[in-house]
Amino acid sequence: MADTLTTADLDAIYDRVNNWGKWGSDDERGALNYLTDKVRSHTGSLIKDGASISLGHNLPVAPDVETPNPAHHHMLVSGDCLDNTGIPGYQATGDYIGTQVHGMGITHIDALSHMFVRDRTYNGFLPSDVKSTGALRNTIMSMSEGVVGRGVLLDVPGALGVDFLPPEQSVRTADLLAAEKRQNVTVREGDLLLIATGRDARRAAQKGSLNPFTEGLAGLHPECLDFLHERKIAMLGGDGISDHMPFRNIRNWPFPIHQIGIVSIGLHLIDNMHLAPGLAACNVRERWEFLLCLNPLRIPKGTGCPINPIAVF
Amino acid sequence: MADTLTTADLDAIYDRVNNWGKWGSDDERGALNYLTDKVRSHTGSLIKDGASISLGHNLPVAPDVETPNPAHHHMLVSGDCLDNTGIPGYQATGDYIGTQVHGMGITHIDALSHMFVRDRTYNGFLPSDVKSTGALRNTIMSMSEGVVGRGVLLDVPGALGVDFLPPEQSVRTADLLAAEKRQNVTVREGDLLLIATGRDARRAAQKGSLNPFTEGLAGLHPECLDFLHERKIAMLGGDGISDHMPFRNIRNWPFPIHQIGIVSIGLHLIDNMHLAPGLAACNVRERWEFLLCLNPLRIPKGTGCPINPIAVF
Amino acid sequence: MADTLTTADLDAIYDRVNNWGKWGSDDERGALNYLTDKVRSHTGSLIKDGASISLGHNLPVAPDVETPNPAHHHMLVSGDCLDNTGIPGYQATGDYIGTQVHGMGITHIDALSHMFVRDRTYNGFLPSDVKSTGALRNTIMSMSEGVVGRGVLLDVPGALGVDFLPPEQSVRTADLLAAEKRQNVTVREGDLLLIATGRDARRAAQKGSLNPFTEGLAGLHPECLDFLHERKIAMLGGDGISDHMPFRNIRNWPFPIHQIGIVSIGLHLIDNMHLAPGLAACNVRERWEFLLCLNPLRIPKGTGCPINPIAVF
Amino acid sequence: MADTLTTADLDAIYDRVNNWGKWGSDDERGALNYLTDKVRSHTGSLIKDGASISLGHNLPVAPDVETPNPAHHHMLVSGDCLDNTGIPGYQATGDYIGTQVHGMGITHIDALSHMFVRDRTYNGFLPSDVKSTGALRNTIMSMSEGVVGRGVLLDVPGALGVDFLPPEQSVRTADLLAAEKRQNVTVREGDLLLIATGRDARRAAQKGSLNPFTEGLAGLHPECLDFLHERKIAMLGGDGISDHMPFRNIRNWPFPIHQIGIVSIGLHLIDNMHLAPGLAACNVRERWEFLLCLNPLRIPKGTGCPINPIAVF
């Protein structure tokens, strides 16, 4: 596929990878349907040494370049008020946590109601299915029973022999194939695929700060959508947002991985993962598959959820 | 042990089950230390048919008798504003979720900073370690790498041949032993133990409403603390709050399971689980163990976290 | 006018009191236009003894029957963290305040975007003028320069010789005229009219609790809309919500004062005022007019604002 | 007084202007006590032409350099959900507003619990009087009955013949005296004194952006504290924070106007006022006094409140 794509090219990809109706006209789970109980029944063998590793960032509570709208963590009762209930002996503390769900910094899942293309979400649902009082269709409740499956981490910088991809460089299908080969792992139906671009390494190389709005993020070339579709992955995650930042200059398709992945394929995305610890854990084991547990909160009308993805080796 | 306990009895239990210093003077993980990688390495075999089932309630967003302080789910951009960015083709929605962490209705984990006894949290940390700006010790970050382990569900109403325990009835150690025997399962070191009292069945029997503040909740008799300690469980969860509501009339020990479990044993608690679906899943399989995934968010100074616990069978 | 009105009667009132277009097709201030600088220039003489009295309730922070969705007041830094900045000598505390704007308990102003009739707000603006991202028309910014004017308090229970109106009793036009006569005050163009039904006295008589949802609130008979319109008041406030609770059984017109007052007349409403202190202050002075200051926050896309109305005598 | 002050100089000012005990050992109103009913009774004559002008900024809802922690304005029900209640004819919208109280951008009042010096707030209250559950002393409830009084605006840039003060320039007492003389106004007991440094003009000259953290703010020289004390003003407001940003390099006294003004004098401060419209209104009238209405919300345990200050001419 050409390096530079046109709107017509993207239109064609959108049509080519489309899963609408595949699991029924009422389906709201999209590619999650690939992760069947049967697929999951084979994941127990992924647990070998039992190490458990988070692939999520700390929830940020101070504004910074990656999270201009950070979470709010407010203590409600602290150690200075242990007697505040008046019940002898009862000494408790508590807090409040709140956050915007999406953005460029918080590790979170995008539900299928998060993205529209030409006024439709996955499977053809309408703008009126996402009300000001909450989403009615394609909500994060598609994952209400959790998402546990085989996680596969493709280390693209590793395959290319670099520490991280520069922001303008796109991950190509050939890179994914090279990573599979180098890592001796094959992405298959029902997988939870994680693609590393080295964002954490790049941030570290920049003294700990990386402004995605001004400095950009590496992302997947839209040709990868065919790969994602054909391999029948259940979800896609990344250390960036899978798409480039700033958005690509293709009319109507500024964020093609989000737009086509979420809306046409029905792919829930995990943005802003902390993949550095996962890369280290995989490298030391020379193993790039693991049990991955993603348990978003049960938010009935939610368009997504912050999460702490856990890999078990 | 006597049905009715005195303050001196509870003082004695507190001392008897104490784990302070056991894992070092700086330890903040408590009984989670029992859930080693080695223990976890044996959990893969728990996944058999691959079914994945949530043991959490929907996050409530309207005040009700169980959650007078519900979560706030606010849409930030809905389907009526798809063009709000001005970027051609970019049509996204988003929302905000916030909640108090504790209480009688929301499924959540209590970190070890949630509870003090005589001005100390687990392992002797001070009131000044839980500041108005956040907890500094014994935070939910003890679970930052997730909690995946063997879940064991003891069905106490099942063992007693009832649908649910009335609020004034305490779960006794003998009941736990009876449940183990009936279910042919043995609670062992590193387990994530869940004890059902039938709260969901009781709520359903009351037409869907159960006010824990006025109608009470069944809870564990404090003698069970010895059982929990001796079996070396890693965590304790329940459909209630493990303690009775309203609190027991023992001076200085209104909530002994919280007070002694969290502070002395170092036991993280899971309150307000939705165990009805778990009971059904276990009954149909005649199997009461499963892989349990608890992945609280990484809240650096948090005293707990709402969660969606996922059981994989 | 008949005690019991029909939908057709209300339709007729809606048409009769309509101010759309009166101040131009783009007007978003409605009856506030009556409160001109000239009108305000005469209000200085209302200040006589200089007493300043709040007509607002404390912002509630715990759920109760009047405010099931109370405000959130969260400390961010308290006296236990005075050295948290690390700047020698700098010892500051701070907090966060948040709240739903409307409801039955919090003293607040309804902007003209708060209410629609047949899919239109005041002056004909559209549902699409109140987006999920905020209101674009008829916002609280109509009051961005504040509202200072002549406040007039009509004591309806006083006129009727009772402490408070029972919830089923409607304030009639004759009651307003009787109150004017008894109090020797005439409601005139540009006034900020406050009508007391005795909610505070009724709450006190009920031991401090009054559930507006189950026990109801007294309200204005719809015939009063003609009075409000003819007298050209600038705003209407009350100790209840001006309308009855629960809503009246007139098809399509459940809350006629809100529906017709806000939408047709263009009347900003002040709900849930604390009028008891105002009644006391007026009675002792035998004076029922005062300078009233209503300064909602400048919330650019807001549908209203909690306020603390201040009367200066 | 010398341009450069030492810690000892500030210690001396702190002692010299101290009002502790002046209004009783329980007093929590501080200099607000100067604004008596009698003083207020003379303010009616300030209303001449009746113009009403806001001296507050719009509540910011997007992070920017002045408000890295902006307010949260969330719609709860918008025009896309007018039928969401199911009550025929009832079509209402609503929203949520929340915000941190303090900071460098939002127009707000500092209550006397906001600032400590050597572990004491105004009148000697303790750190334990500001709990993690809220302030118990010196709260914003000192203003629960509102603050209405004579506002006086001193235009320091005007007196100095400049558009705005550069950040490093301090307002000196001589500047205040010069402004009084030029404006033909005398600051007197019970006044609400506003001192302009030209922040709005400076921001405008910088194309609309002024980062107070990196570019600094002009502030009052600590010698002005004697002026403020001697003139017995009731409150102090400004377009900056009255203090310099970044803080001055005097050990233990980084923010002397806040530290000594709030704690020793008992002066409530208004930070981040939008004085440009006030300056324009005063200039055109050649009148620098007006009725000023400050009505913070009744937040029972609050350390301050965002406000919309209204000047009536």
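Side notes on the structure shown:
Labels A, B, C and D are assigned to the chains in the order they are written; within every chain, residues are numbered from 1.
What we mean here is this: a contact is a pair of C-beta atoms (placed from the backbone, for glycine too) under 8 Å apart; a residue touches a chain by one contact, two chains touch by 3 or more.
Fair warning: this is a prediction, and the values are worked out from it, not measured in the lab.
In this structure, the chain pairs A-C and A-D differ in their number of contacting C-beta pairs, and the larger number is found at A-D. Overlaying the C-alpha trace of chain C on that of chain D calls for a turn of 180°, given as a multiple of 5. Work out the mean CA point of chain A and of chain B, and you get 27 Å between them.
The centroid of the Cα atoms in chain A and the matching centroid in chain C are 47 Å apart. Distance between chain A and chain D, defined via averaged C-alpha coordinates, is recorded as 45 Å.
Each of the following residues of chain A touches two or more other chains: 72, 75-76, 78-80, 96, 128, 131-133. Taken pairwise by the contact criterion, the protein chains are fully connected, each one touching every other. Residue ranges on chain B touching chain D, taken from their complex, read 72, 74-76, 78-80, 96, 131-132. On the chain A side of its complex with chain D, the touching residues are 63, 68-69, 75-81, 84, 128, 131-133.
Of all residues in chain A, those touching chain B in their complex are 36-54, 56-59, 61, 71-73, 75-76, 78-80, 82, 87-102, 113-117, 119, 126-135, 144-148, 247, 251-255, 258-259, 291, 293-310, 312.
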